[in-house]
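Chain lettering (A, B, C and D) follows the sequence in which the chains are written, and residue indices restart at 1 in each chain.
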Amino acid sequence: MVSVRESPGGLGLTGDQLMDMLYKMMLARAIGQRVRMLNRMGKVPFAVTGEGQEAAQVGTAYALAPGKDWVVPYYRDIGVVLVIGQTPRDLLLEALARGESVSSGGRNMPSHFSDPKLRIVSGAAVVATQIVHAVGTAFASKLRGLDEVSMVWFGDGATSEGDCHEAMNFAGIHGLPVVFVCEHNQYAISVPWTKQMAVENVSVRAQGYGFPGVTVDGNDVLAVYGSAREAVDRARRGEGPTFIEAKTYRLVPHTSDDDDRRYRSREEVEKWAKKDPIIRFQAYLQEHGLLDAKERDDLAMKVAEEVDAATEYAENAPLPDPESALKHVFAEEKGR
Amino acid sequence: MVSVRESPGGLGLTGDQLMDMLYKMMLARAIGQRVRMLNRMGKVPFAVTGEGQEAAQVGTAYALAPGKDWVVPYYRDIGVVLVIGQTPRDLLLEALARGESVSSGGRNMPSHFSDPKLRIVSGAAVVATQIVHAVGTAFASKLRGLDEVSMVWFGDGATSEGDCHEAMNFAGIHGLPVVFVCEHNQYAISVPWTKQMAVENVSVRAQGYGFPGVTVDGNDVLAVYGSAREAVDRARRGEGPTFIEAKTYRLVPHTSDDDDRRYRSREEVEKWAKKDPIIRFQAYLQEHGLLDAKERDDLAMKVAEEVDAATEYAENAPLPDPESALKHVFAEEKGR
Amino acid sequence: MAEKNMVEAVRDAMSEEMERDPRVIVLGEDVANGGVFRATQGLLDEFGPDRCIDTPLAESAIVGVAIGASLNGVIPIAEIQFADFIHPAMDQIVSEAARLRYRSNGGWGCPITIRAPYGAGIHGGPYHSQSVEAIYGHVPGLKVVCVATPYDAKGLLKSAIRDPDPVLFLEHKRAYRLHRWDVPDEDYTIPIGEAEVKRDGKDISLITYGMMLHHALKAAETVEAEDGISAEVIDLRTISPLDKETILKSVEKTGKALVVYEDNLTGGFGAEVAAIIAQEAFDFLDGPVTRVASPDVPIAPYAGVLEEYVLPNPAKIASAIRDLAAY
Amino acid sequence: MAEKNMVEAVRDAMSEEMERDPRVIVLGEDVANGGVFRATQGLLDEFGPDRCIDTPLAESAIVGVAIGASLNGVIPIAEIQFADFIHPAMDQIVSEAARLRYRSNGGWGCPITIRAPYGAGIHGGPYHSQSVEAIYGHVPGLKVVCVATPYDAKGLLKSAIRDPDPVLFLEHKRAYRLHRWDVPDEDYTIPIGEAEVKRDGKDISLITYGMMLHHALKAAETVEAEDGISAEVIDLRTISPLDKETILKSVEKTGKALVVYEDNLTGGFGAEVAAIIAQEAFDFLDGPVTRVASPDVPIAPYAGVLEEYVLPNPAKIASAIRDLAAY
């Protein structure tokens, strides 16, 4: 591994941090691939993952203070929750719907992350509802005088929902410490962005709510980090929300139930595969002498081993107790 | 009355049209006042009217082709429906919830206008839902290749609802012939606009949907008309939606159940009373030699007589038949 | 002890809870100005603009922001101005607030109270009159309270605010200023999930809630005086969780059950009550489980004559009591 | 006549109606690409982008735009991708579509069909499994259909599209590809509001709909074979308006009613069915009106073992039949 070296981009990141970012991106990728493989093997009925969007995820989450800031992800955000502190084991337990999974104990669909001690807020599969929750956590931080930041992630499709509007408007009015991250991957399932909005950059909407919106190359992890850093700093200083649109691409089908060949050409996917954020970041690090081929391969090996170990652990972990299905509809004890 | 003279503002309006606009504004004012008086007399349990907003209403509606274009008003829009063709009698029957009222036969609250033959679409009391309907009528016009325009009215408060966003986004995507008219009267009941939005002009949001937004002095009926004319022309030419924000003020309490002294100073109301759109338009017409004091007083007399006659008719009209309460839940005959 | 009407009792409950627990806030449309029914009157002055918060006109945000805030140490009371306008927030209530604890395997809880005036009888027309308890009483993970007296309102609202789970607190608006009844000044709570026998009787059980409680009590007086029928009147107070025991105990005693509700007949919450009685008190029944409710038309048409025609009232209830008693 | 599964039958109904009436359009998320269940497969090619329209991800707009378009000479079929995601459109459906005719005194009508796959049993977790028929079956002015066979799906969807009022058309997604049954190629309709006796019997009446129809039929076979109990099975098909006559006729014959539904027990639509039987067939009942439904937990937890534990199935139904038959 690299020792502490200066970040070339002037973002205040150390070399270790850059390597850690790469590691989290590779881990996210490998976990996504593993979960989809488990689906094809018939071991899990459903998989939704985010291969291709790792830069947008890791770059944004990296600007947060884990355990302190509020994290409101959506179903592709394996990279986000890894940065915040979830482990491959957490994620495989979750994908395999095991009883000890911290996210939901097998109750929620895979990739619906939750971790109270890490302040990762449980999400529904309902698109866009979580955007409002992040405004709520940020509102509480402000009311309580705490310098926490809330960050929320969602797709381009989510911007069409009424909840996205109501959330942004509320945040603007109160100048809340919240960062809206749109992982614009060009599609809402099969619907291309051109059928979802009549603007080139959806970030333009932020000015209708009185705060800045920025569009960033979502496959450039450092560019993403830079804009997230700025947004988090603004929020922490009490200067209000920011909307970040990270233009990226999902390299895989929408979910294990989707056949993306029905709505996009292989050429288009290939074109984006060439912009793979992991390959790009590796090339960048190599160019700047922060990574060599061996280090890269070692890292890939380490990632593979970790995912294997996590898979093995999770596959052997017990299923939820059937009767536990009746639990936790309401609080078991009084008070809170 | 004046004979056909040229409009001084260069808006292509004849003198007769200008006088007609004034007449509709005065009629709207008088009807609003009458309905509130009927409430104080205990003759109707509820009144919601729009005194002060007549320029915004008449100026926008005047740009439409009545009976052809789609009219989707909200509960203050007495001025709108008068321009489109409803009569004082229609409005008093409606306010008094008489069985023969075309709007609802006494089923909907007063000021919830409806008139199928005039293409005035029935509204709920639910704020903002109607904005989506206007996008729907416009969508149908486009799909059917008809050169109809849809216009929809709503308050500043309505812009906060998710439906407003979803409607504008849909309209932008399809470039629909719809004009969004926000009668920005500074308040949603007691909540001032500053607690509803973090922008100076809510019209700025239109650019987030890919079409123009304009802010206009909503107490200047000709300025309003000018922007509406342009918007309607654009829509009719197939160039898509426009958002018009007409800044105005309601001079009366929110409804008969509201006491506006709780949330706004008499000085503020007085300040706006000085900008009364009717007095202002009368002064304008007098200045341009289109109206003299006698004509103005004659018009006021005519309006008062019409409202008296309509009130008398409506008060004597029968109440709905109680058993009719069970009708029209579903279509009585098959087919449509 | 002082005489209070129900809206004052609601206000007192909030004020006292905000005093007791600094985490409690109130948010909603026009609440800073006291609310359209004056239920939040004075809270702004007492607790300041950080605890009594006007929101934009956006019900989904009102509930969704409350949910988020509740995860971060705040205990929100969200006001929906009229229950008729709760529908835009349906998704946040049903998909989010009610399912958060379950889907996170107990990891997260959502201690919010959503208050809404509901019900007809004030010439509110089809958008200021709706009953929504059947929709929400069906949702696991959500508690639903329907109050109609000052005493119950104060005690149950305090319980709702202190409850670790989301509570939809429905206040019948026609009952807001109907009576001034004794309400203790001191702190007290009424457990969520307990019905109350508001009138003892032996011939027939009336099971009801909300404004219909008052109509049922009136009808019970009438049939006692005119026909010598002794009607027991049960006020459910909480719709969910439902107090089956109190219902069944009464029906086992009287053998006759009349379920009275203001909402539309079909699929109203009274259907659930009737179904429980039909299944669990079958051996005790001396007559059909009978329902009095509004016909299946939108509640309620505005004109007085139409509204009156549609809604249940003491006379309609009394007539159903007589029929069932004579069975 | 050809063998079709239910999703093909749904597709055929839409395609034939679009062919028959140029006013009919389809709109929703991903419909141009055939829809996530392939129910709109091919419609784009057949009818072009003006009649098979992808919308942005915004359910309230999908329904609200359909409402507006329906006022202006278009007959929209709006697809909600999963019934679980209908909640954001609740307001447009309940406040607007269902009340438009009534509130305008018959002046306006709203001929829209809203299609949505619903129901559990496919490991969909708590957001791809919900039943919503109880909520909407309670709404005056809205018709609600729940189909579970290919033949019924085609005939009823055609009726829905031709209906002058709004129809919520719920297709049980677990039944989409469950069977291939005979479906006529030619045009036919099944009237909205008619239940069907899907199996004759004399000892007990099973009243059900949706996926539970198939489970009930299986259970009926089992108890016939193993216990000699003759169970009649009624498929409601339409929830609203409800075919009371068919239900009551059966219960008057058998004297025993078992209401089976997949939704949560409390406040599910089966409560209404049970309440009607309890009131109107009281004199014929030889046992308590009994319900089999899911317990009151969010439907459905994702893990197979949890989902199975929660949902009704043939074995649970058979056991309830035996208990009631022995009563």
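Heads up, the rule we're going with is that contacts are C-beta pairs under 8 Å (C-beta built on N, C-alpha and C of every residue); 3 or more make two chains touch, one makes a residue touch a chain.
Keep in mind it's a predicted model, so treat the numbers as computed, not measured.
Peer 1: When I count C-beta pairs in contact, which pair ends up with more: B-C or A-C?
Peer 2: Per the contact counts, A-C leads.
Peer 1: What chain is the most remote from chain D, judged by the mean position of CA atoms in each chain?
Peer 2: B
Peer 1: Please compute the C-alpha centroid of chain A, do the same for chain B, then give the distance between them in whole Å.
Peer 2: About 46 Å, centre to centre.
Peer 1: Please tell me the distance, in whole Å, between the geometric centres of chain B and chain C computed from their C-alpha atoms.
Peer 2: 37
Peer 1: What whole-number Å value describes the gap between the mean CA coordinates of chain A and chain C?
Peer 2: So the centre of chain A lies 41 Å away from the centre of chain C.
Peer 1: So how far apart, in whole Å, are chain C and chain D when each is placed at the average of its C-alpha atoms?
Peer 2: 30
Peer 1: Out of chain D, which residues touch more than one other chain, so two or more?
Peer 2: 55-56, 58, 60-61, 84, 87-88, 91, 95, 99, 102-103, 126-127, 140-141, 296-298, 301
Peer 1: What are the residue numbers in chain A that touch two or more other chains?
Peer 2: 104, 106-108, 112, 124, 126, 160-163, 166, 169, 173, 195-197, 329
Peer 1: Any idea which chain D residues touch chain B in the complex?
Peer 2: 25, 50-51, 55-56, 58, 60-61, 64-74, 88, 91-92, 95-96, 99-109, 111, 140-141, 143, 162, 164-165
Peer 1: Applying the document's contact rule, which stretches of chain A touch chain B when the two form their complex?
Peer 2: For this pair, the touching residues of chain A are 160-166, 169, 172-173, 175, 195-199, 202, 204-205, 207-211.
Peer 1: What residues on chain D touch chain A, complex-wise?
Peer 2: Listed in rising order, the residues of chain D that touch chain A are 29-30, 32-34, 36, 54-61, 84-85, 87-88, 122-128, 295-298, 301-306, 308-310.
Peer 1: Spell out the residues on chain B that touch chain D in their complex, using ranges where they run on.
Peer 2: It comes out as residues 70, 72, 101-108, 112, 114-116, 121-122, 124, 126, 129, 132-141, 143-144, 148, 150, 162-163, 166-167, 169-170, 173, 327-332, 334-336.
Peer 1: Which chain D residues qualify as touching chain C in the complex?
Peer 2: 60, 84, 87-88, 90-91, 94-95, 98-99, 102-103, 126-127, 134-135, 137-138, 140-141, 240, 242, 263-264, 266-272, 274-275, 277-280, 282-283, 285, 287-291, 296-298, 301
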